[in-house]
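Working notes, structure below.
Chain IDs A, B, C and D follow the sequence of writing; residue 1 opens each chain.
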Amino acid sequence: MGTEMDEKTTIAKRVARELRDGNLVNLGIGLPTLVANYLPVGVQVFLQSENGVVGMAPLGIPGAAAAALTDAGGSPTGIIPGAAAFDSVTSFCLIRGGHLDVTVLGGLQVDEQGQLANWMVPGKMVPGMGGAMDLVSGAKRVIVAMTHTAKGKPKILKRCNLPLTSVRRVDLVVTELAVIRPTDAGLVLEEVAEGVTVDQVIAATEATLIVPETVSTMKLAA
Amino acid sequence: MSKVTTIEEAVARIPDGASLMIGGFMGVGSPHALIDELIRQGRRDLTIIANDTARPGVDIGKLIAAGAVKRLVASHIGLNPETQKRMIDGDIEVELIPQGTLAERIRAGGSGIGGVLLSTGVGTTVAEGKQTVEVDGETFLLEKPLKADFALVNAWRADEYGNLSYELTARNFNPVMAMAAGTVLAEAEEIVPVGVIPPDQVETVSVCVDCVVARRN
Amino acid sequence: MGTEMDEKTTIAKRVARELRDGNLVNLGIGLPTLVANYLPVGVQVFLQSENGVVGMAPLGIPGAAAAALTDAGGSPTGIIPGAAAFDSVTSFCLIRGGHLDVTVLGGLQVDEQGQLANWMVPGKMVPGMGGAMDLVSGAKRVIVAMTHTAKGKPKILKRCNLPLTSVRRVDLVVTELAVIRPTDAGLVLEEVAEGVTVDQVIAATEATLIVPETVSTMKLAA
Amino acid sequence: MSKVTTIEEAVARIPDGASLMIGGFMGVGSPHALIDELIRQGRRDLTIIANDTARPGVDIGKLIAAGAVKRLVASHIGLNPETQKRMIDGDIEVELIPQGTLAERIRAGGSGIGGVLLSTGVGTTVAEGKQTVEVDGETFLLEKPLKADFALVNAWRADEYGNLSYELTARNFNPVMAMAAGTVLAEAEEIVPVGVIPPDQVETVSVCVDCVVARRN
C-alpha cells in the first residue's frame, strides 16, 4: 500500500479533483495543505487562511512575502496578486456566511452519520478547536482528507467516540484507500484506489459501507 | 477569470420580482449606472433593501418614480415625499427599520449569524411582532438576518477578480451588502488590473462579487 | 423671548457647555448641528456622522472636502486632520457600543419619565427613524435640544402621545427657556434662561417640574 | 491631545487581577513590548482573552511561563505544551471557544450587542451550559458578549490621536479587541503625525484608543 508519503499524495491528488475554478477554499494544516499543489490545469482557486487572508500562495510557491504575513499555523506564507487581508471577524464571516466553497480538513474519526471528530482526545490532546468547528459547521462543502486507519485501527466508525467537531454531516471522505460519500442512507463507497479491492476497504472500516453495483477506481489529478 | 461585464449584461441577470440590496446613503455611494439600467430595462415588482430612497429623481428615488418597486425595507424615507405618498396610497409596502439594526441584520445575513440581540427599539413600535430574548435579566429584540437575491453596490476601485475598495462616506452600506446577496453586481469608478489594490485596502473580497461594471460618465 | 434664531443660538450655546475635550459627539441635523460652533476654548470634540465618518468639520468650517464626503443629510461636509471613514456597520457599533459620549438630538416631545418622541407623527409625518432610535438607545449621554413649545403648545408633557424613539431616559433637555434633568423622581428644573422666571417655565410646560430651592441662571458658551 | 506615552506608564495602568484582551495569532500581530513590560512589572492573576498562547517563550507564551495568568479564554493552545500542562495541573483555568465564536463574542462586547446566535458548536461539548434559541425552526447557541478591562493591541501605524492601521495577517484580533475594552493600549511600529493616515485607511478610530506607545527595537 505504499509509504506514508505515497498515501498523503494519493489523498491530496484525489481531493484536488473536487475543487472548481474560482472556489474559495480553506485547507487545514498538514495533509490538506498539499491539495493546492495538484490542481488540474485551468483551475484557479483562492486559498483562505483563517488568520485573515484570501489569496495565499500554494505551498512551495513563494508569492509576495512579508514579516506580517503568516498562515494559520503562524508560519511565513506568500500571497498571489489579487489577495486580500482582513481581520478575524471578517475571516469567520466568510467561513460561516456561505462564502467558503470548500474546506478540506484532517480527521481523527468519521462515523456512519458522516459526523467528524478532529479536535480533541480527552486526557491526551487538548489543543482547542481553533477554527475547525466554524469551518465544519459553516463551509458549503466539507471534505475530510485522512488516512483510512491509524496504527492499523479503523478511523471510519459506527459512531465517533471522540468529541464531535460538528453535528453537520460532512460531504466527502477521501482516504488513501477509498472515496466515501456520507448520505441519508449511510456511507456510500464510491471509489477504491487503484489496486485496492472493495473487500480490503471493508476490512479496514468499522462502519457499515453501502457498496453500489459498480465502484469505480479512484482517478487522481495529474 | 475576469468578472468585468457590460452594464446591460449585468442588469439582465435580474428578473422582475427580485429582491435587491442597493448601497448608498442619500444617493451618495449608490450604483448610479446600474440603477439607470434597471429602469431602462423596465424591471418591475422589485423588493428594495436600502438605507433610504434619496430624493425624488435621484438614484433609488428614480426607481420609486418609475414604479419599479413593490416593497421597500429602509431606515428613512423622510427626504423623498414621493416614497411617502406611494406608501400612504398603498402602492409600495414599506418596512422601516432603525439604521443600526438594518446594518446588523444585513451583516447577519451575510455572515452565517442566526440572529442578533439588540436593545434598539425595545418598548417602541419597532418591537411589535418581534421575539424578545432575555440575557442576564436584560431584554433584547431578536433581529433576524436579512438577505437578498442581488446586491447592487458602488465601489471606488475594483479589480478584475472583483476585489473592491471604497471612498469616504460613499462606503456606507456597500461593503455589508456585498456579503449578503446571492449575486453581487459591483459598479466601480475605476477598474484596475489584479494586484493594483493593496491587500490591506481590499474591503470586499473578490470571491463575494459576481460582476464588475465600469460606471458610464 | 427673541427671534427663532436667538432661541436656537441660546440652546446651542448652552448645550455646547456639556461637551468635554476628546468627546465623540453625534449632532442631529438642524439645531443640534449648531452646537459645534460654540465649543469653549480648549475643548476639541470629534464629530461623528452616522453615514460613516468621525472628524467632521463644524458647520461653516470647510475642512478637507470630496465628492464622496457628505453628512447624514447627504449634504457636502469637510473633515479635520485625523478623521476616519468607515461603513454603516462600524458606525453603529460606535453608537451602540459605549463609544459615543454624547448625542444631541431634536425632539417633538419629552415626558415626565424622560422619554423622547422625535421620529414620527402618525398620519402626518412618516420619515422613518433613520439612526435616531440607535442613537437614543446607545449613546452614553443623550441631550435633547429643542424649543420649549411648538406653536405655543408645550412639548414637555406628562406622557408622550407620539411614538417613542426609545424607552431609555434621556439625560438632559435644553430649551431656550430652561435646562431640565430627567431623574428617577421626575423632571428637575435646573436652570432658567436669563430674564425668564420659574413660573414662566412652569406655564410653558405640561409636565410637572420639580423645582429645587435655588434654580440657577443658564450660562451660555461665549 | 496626544495619547502617546511610555510603555512603562501605559502598563502601570493595569492592576493585578485585571482582564486583558491581547491581539495576535501565534504571536504574529501581538503587542510584544507591552507583554514584555507586563512581565517586567510583575503583574499577577491576569485573565487573558486571546486567540492562542503562541509557543513557549513567545509573546503570550511568556506570560504563561511567568505565572502571570490565572484564567485564559482562547480558541487554541495546541502549539504551547506549557499552557496545556498548566491547565492539566490546575494552575490556569482555561475556557476554549471556537475561533469564529470568540471573534463574534468580542465584537458583540464592543458593539452594544446583547448576544449573537450561532450554529457553530450546536450538539458538541461547546454547547454545554449554553442557552439555545430557536429561529424559524433552526436551533442556535446564544453566544454572549465578551468584554475586558484592557485591550493590548498591536498596530502598524498609529497617529497621536490614536487612529490605528494594521498590516496583513498581523491584523487578526487587534481591531475587534480595540472596540471591546474599558481601556485600550496600542503599541505601534510607527507613530505618525495626525493627518498622515488617510481616513479610508484608519481601521481603529482614535476615540477607542487611550494610550499609544512606540515599540522598542
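To be clear about the criterion, contacts are C-beta pairs under 8 Å (C-beta built on N, C-alpha and C of every residue); 3 or more make two chains touch, one makes a residue touch a chain.
This is a predicted model, so every value here is computed, not measured.
Contact with both chain B and chain C is made by D. Taking the CA centroid of chain C as reference, the farthest chain centroid is that of A.
Across A-D and A-B, it is A-D that has more C-beta pairs touching. A straight line joining the Cα centres of chain A and chain D is 30 Å long.
Centroid to centroid, with C-alpha atoms defining each point, chain A and chain C lie 56 Å apart. Centroid to centroid, with C-alpha atoms defining each point, chain C and chain D lie 35 Å apart. Within chain C, the positions touching two or more other chains are listed as 53, 85-86, 92, 95-96, 138. Within chain B, the positions touching two or more other chains are listed as 104, 107, 112-113, 118-119, 166-168, 171, 199-200. In terms of inter-chain touching, the protein chains here follow a pattern that is not a line, ring, star or complete graph.
The full set of touching chain pairs reads A-B, A-D, B-C, B-D, C-D. Across the complex, chain D is touched by residues 104, 108, 112-119, 131, 133, 135-136, 138, 140, 142, 144, 165-168, 171, 199-201 of chain B.
Remark: chain D residues 1, 107, 109-113, 159, 161, 163, 179-180, 194-195, 199-200, 202, 205-208 touch chain C in the complex.
Listed in rising order, the residues of chain D touching chain A in the complex are 25-29, 51-52, 54-55, 74-79, 84, 87-88, 96, 98-101, 103-104, 107, 118-126, 156, 166-176, 203.
The touching residues of chain A, counted against chain B in their complex, run 21-22, 24, 44, 46, 53-55, 79, 81-86, 92-99, 138. Residue ranges of chain C in contact with chain B, taken from their complex: 49-53, 66, 68-70, 72-74, 85-89, 91-92, 95-96, 125-134, 137-138, 163-167.
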